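Have a look at this one.
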Amino acid sequence: MKILEINHMKKSFDKLEVIKDISLSVNEGEVLSIIGPSGSGKSTVLRCAAMLEKMNSGDLIYLGEYAAHNNTEGKSVYMAKKELRRFHKYYGLVFQNFNLFPHYTVLKNITDAPMTVDKVSKKEAEERAMVLLKKLGLEDKKEAYPYQLSGGQQQRVSIARALALQPKILFFDEPTSALDPELTGEVLKVIKELAKEKMTMIIVTHEMQFAKELSDRIIFMENGKIQEEGTPEQIFSTENTRVKDFIGKFAG
Amino acid sequence: MNIAVMFLELGKGFITTVEIFMLTLIFSLPLGLIISFGRMSKNCILRTITKFYISVMRGTPLMLQLIVVYFGPFYVFGLQLSRSYRFIAVILAFVLNYAAYFAEIYRSGIESMPKGQYEAAKVLGYTKGQTFFKIILPQVIKRVMPSITNETITLVKDTSLAFVLSIVEMFTTAKQIAASETTIMPLMVAGLFYYIFNLAVALGMELIERKLNYYR
Amino acid sequence: GGKKQQGSGKEKFIVGFDAEFEPYGFKNEKGEYVGFDLDLAQEVSNRNNWELVKQPIDWDVKDMELSSGAIDCIWNGFTINDREDKYTWSSPYVNNSQVFVTASASGIKDQAGLAGKIVAVQKDSSALAALNSEENKQLKDSFSKLLEFSDYNTAFMELEMGTVDGVAMDIGVAKAQMSSRNQEQFIILDEFLSGEQYGVGFLLGNEELRDAVEKTLMEMLEDGTFMEIARKWDLQDSVCLGE
Amino acid sequence: MNIAVMFLELGKGFITTVEIFMLTLIFSLPLGLIISFGRMSKNCILRTITKFYISVMRGTPLMLQLIVVYFGPFYVFGLQLSRSYRFIAVILAFVLNYAAYFAEIYRSGIESMPKGQYEAAKVLGYTKGQTFFKIILPQVIKRVMPSITNETITLVKDTSLAFVLSIVEMFTTAKQIAASETTIMPLMVAGLFYYIFNLAVALGMELIERKLNYYR
Amino acid sequence: MKILEINHMKKSFDKLEVIKDISLSVNEGEVLSIIGPSGSGKSTVLRCAAMLEKMNSGDLIYLGEYAAHNNTEGKSVYMAKKELRRFHKYYGLVFQNFNLFPHYTVLKNITDAPMTVDKVSKKEAEERAMVLLKKLGLEDKKEAYPYQLSGGQQQRVSIARALALQPKILFFDEPTSALDPELTGEVLKVIKELAKEKMTMIIVTHEMQFAKELSDRIIFMENGKIQEEGTPEQIFSTENTRVKDFIGKFAG
């Protein structure tokens, strides 16, 4: 089953065309990595999928339901605001800078959205949160405030926060690039666990090694277009010199 | 007049001072928030109006505003003023004036909030109202507390302007006693009252600030 | 304008006054508003079955207070001269004089001695009006500077410090001020600046209320109450009602 | 009095207002910096004294401070004052008062500077003086400009307090005319003058802020 | 010739003993890397060497001259402030967060210290700066302000700023850890160039690969002590399990 489908997405900021024509889809349980040079539009793809930006053109489909569709003039038409609200629970987004709520404890960061948005009871929200915290090794931090945590811990809390809404798909935008190399490990481990449990994910990352190990499929983007797409084996043994160069840089 | 009577008299005036102070805060703090929404609104007309309102309130003397609020209804609309309107007018003018200052403070606080907080809330499915009241406002309040404290201390001293509308608060009492006793001592005592009141206000605000310091 | 009708049934009579003007209206030892004018107003109210409201006002906005109806009259050593056509006046009831007060140490004994000196006068006062009038132009021009101040306290303090040489003011206020200070430090020049009369000022055209007050005042004069009150405030030599 | 004369009179008062405004700024801005050094000094006594000084200046009405500065030297120390002291006292009191406010503004600016700037300068071999005047101060000025603008606008309106010491500035002129003409029109015109003056000041400050925006 | 010599350095913050007893020396033209877990005291060593912190105990010697020496009671005694000023020109420090002066252009950032501190003429300072900018590939940025530069460019400017004072030794404290992976490359390249030109350097880094390639000697620190010291070959083939573990983590 296709969790997410994007058809012919185009997106411009003012005159600048950032996404030129991108189509992709993600099946249930699949892990898709997006790699590519800075400015190629990776974040913009995720932000459009998470509806933080509106596409100019293209379809956005979650679980077969259209959040936006191309009209006859080739412009994206979004559902009414009220309808769109329903889509929020299909996906979660983990930000590069965590964006935790600093005035809430770890527990409250995780329980507040289910309680406020999904009207889950406090008891159930806290039970769910504790399960997640345990899984992420943060049980003892539930009463801490974000400023009292290391970067890696903050990122794990933000993953828990997204998971608490039980999304069908999780987006990561360079989840470790604001972390010290040592803290990176913790977060990558958590993502690996999620992959094992067949969580559907799209991951924008610079960690080639990690993308290689984890992904079912990798997309290489450049200049707002998909330049190459395939399994890790295909991508890492490609003949495309652009991709080769790019991957080579990171091999060290 | 002996010292005890003088303190008693000043004390009476002080109650009026505190009344003006409290009522102004109670009404202008929320009103300021509403005005700041107008100031940041996407509606160009609303934005222009509130911008002008704020600039007039901050750009003209409060004394004049007191006069306009009190006498305006009579001079402009020919309305007969009730006696109780005197005090109401003082509070009204103070509230209108301070709300303008608070609006600008809120605005600076709201505009300084990182975009990431809005985006995180949006992706989690919070409505705009929930985002503002649960996520943004609590953080804004923490950020603007020092500026609010500053304005509050100015307010303590501004209360003395109420006499323009014949509301006899502490400073006016002091001046009257000073006149009949032919000494400026009562003014100095009033100064002391202000100082102590301000210290108390500053202390109270510091307590609030400290309470908000449970996170960073 | 007229008097406010309120729930209590008793009509209110709201008198506006400057509470820093001894002996006409000021705050006494006990913190009450008292004075010659307020006593008169009280008696007038009693006789008319009005409820007197003593409303201290900011002198700067007295005209707005009156014309907006927030007060019924200004009764507070209020000088008629030069304001004849701006208010509806009662008959004059005090013959007042504007005088110069100087520091005894300065050696200034007459108006000629003020030539080249700094003279202070209260803002918006009758002394200021007198000095600004045509007949006193020469005198005023002889001063090196005419300085306006906001209250008598600071004026007398400046006199003590020697930063001003003379203060032009109402004789009644001058006496009251001097008696509560060190008497010998100051003298009142024998030469008066000008004479003037005090009256009760009503909103221009409000003759109805004026007549009511006036009538009661005359009754008080006849039965001696008026002089009794004048004596209480040591003003028996200045009053002139009915003359 | 016709309109033209009224404007002329108000214009004269306006010049005094501007004089007080300019002189206060010229002296209190640098003085505030010096006081802020005292406030942040390592010397505990100096720190306590300046802290107390600032709290008194901010905690008591400026009107009272004017009276104390003018009459204090004679009544407390028996000094004979020259006649030109009147205007000097006004400026002195305003400067002492505003310097306290500015000191707190500078302090907040200086304390918000990242440690890294000091450390970078130190490693490069700058002396403490060079570090402060070349590296820190220019950045502090940029940071505190909005607060300085706020105080400056308050100053415009505070100038009317000078009348406590018989200095006739614009607002006093307006009140004088209003009294003799028995109309509130001159007060409204004075309000307009203030508003325009404030707009001009705000504009000037904005220009400076924009000039400082060449970096971030 | 020994450029820098540290003998028996000890440093505490309040009660916390951060540096326990460290001695090291760097010869002219030598590149020394310091690696070790977070909190082991690497930055503190550099900060003491740069005199941003004062040691409690130990000698600090530049080019044979004592900046501080241990007195008979075992406490560090520093030279008089005036004398110490002389030592600043022996070393330069490149910060993790660059700490450029935001109100100065790139050129002014580089020329201001030589002009202010060394009283070099404006002309000469600018000539020197242009040579450095050319070398670091930033010629066209001389009029830019720091905020207009990418992180990698900012870090290169801060290297140029340190070099403009012609120090005998350069300290780097994790010079790339505030940079995106892609920008890291630029800065590492510059450091490699400097090493080729026999610039004496101490580098605190998390980039194992880089430390291996570049260093003449590597020190592994833990708990405020030097646990292991040697050539890259020695360190990367050590039998010490602690060091092995640590390096292993980064191999990916």
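The first chain written gets the first letter, and so on, giving A, B, C, D and E; residue counts start at 1 in each chain.
We adopt the following convention: contacts are C-beta pairs under 8 Å (C-beta built on N, C-alpha and C of every residue); 3 or more make two chains touch, one makes a residue touch a chain.
Here is each chain with its UniProt name: A, E = Amino acid ABC transporter ATP-binding protein, PAAT family; B, D = Amino acid ABC transporter membrane protein, PAAT family.
The model shown is predicted, which means the values in this text are computed figures rather than measured ones.
Contact with both chain D and chain E is made by no chain of the assembly. Looking at which of A-B and B-C shares more C-beta pairs in contact, the answer is the pair B-C. Most remote chain with respect to chain D, judged by CA-atom centres, is A. Our note on geometry: chain A versus chain E, Cα centroid distance of 38 Å, whole angstroms.
Averaging Cα coordinates per chain places chain B and chain E 53 Å apart. Not a single residue in chain A touches at least two other chains.
For chain C, the set of residues touching two or more other chains reads 60-61, 64, 154, 157. Chain D has residues 67, 71, 184 in contact with two or more other chains. Which chains touch which is summed up as A-B, A-E, B-C, B-D, C-D, D-E.
Listed in rising order, the residues of chain C touching chain B in the complex are 4, 12, 14, 16, 19-22, 26-31, 53, 55-58, 60-61, 64-65, 67-70, 151-154, 156-157, 177, 180-181. Taken together, the chain C residues at the contact with chain D in this complex read 59-61, 63-64, 86, 118, 120, 123-124, 147-150, 154, 157, 160-163.
For chain E in complex with chain D, the touching residues are 50-52, 85, 88-89, 91-93, 95, 97, 99-103, 112-113, 116-118, 145-147, 158, 161-162, 165. Taken together, the chain B residues at the contact with chain A in this complex read 114, 116-117, 119-120, 122-127, 130, 134-135, 138-139, 142, 214-216.
Looking at the complex, you find that chain B touches chain C at residues 1-2, 5, 8-9, 12, 67, 70-71, 74-75, 80-81, 83, 86, 163-166, 168, 172-173, 175-184.
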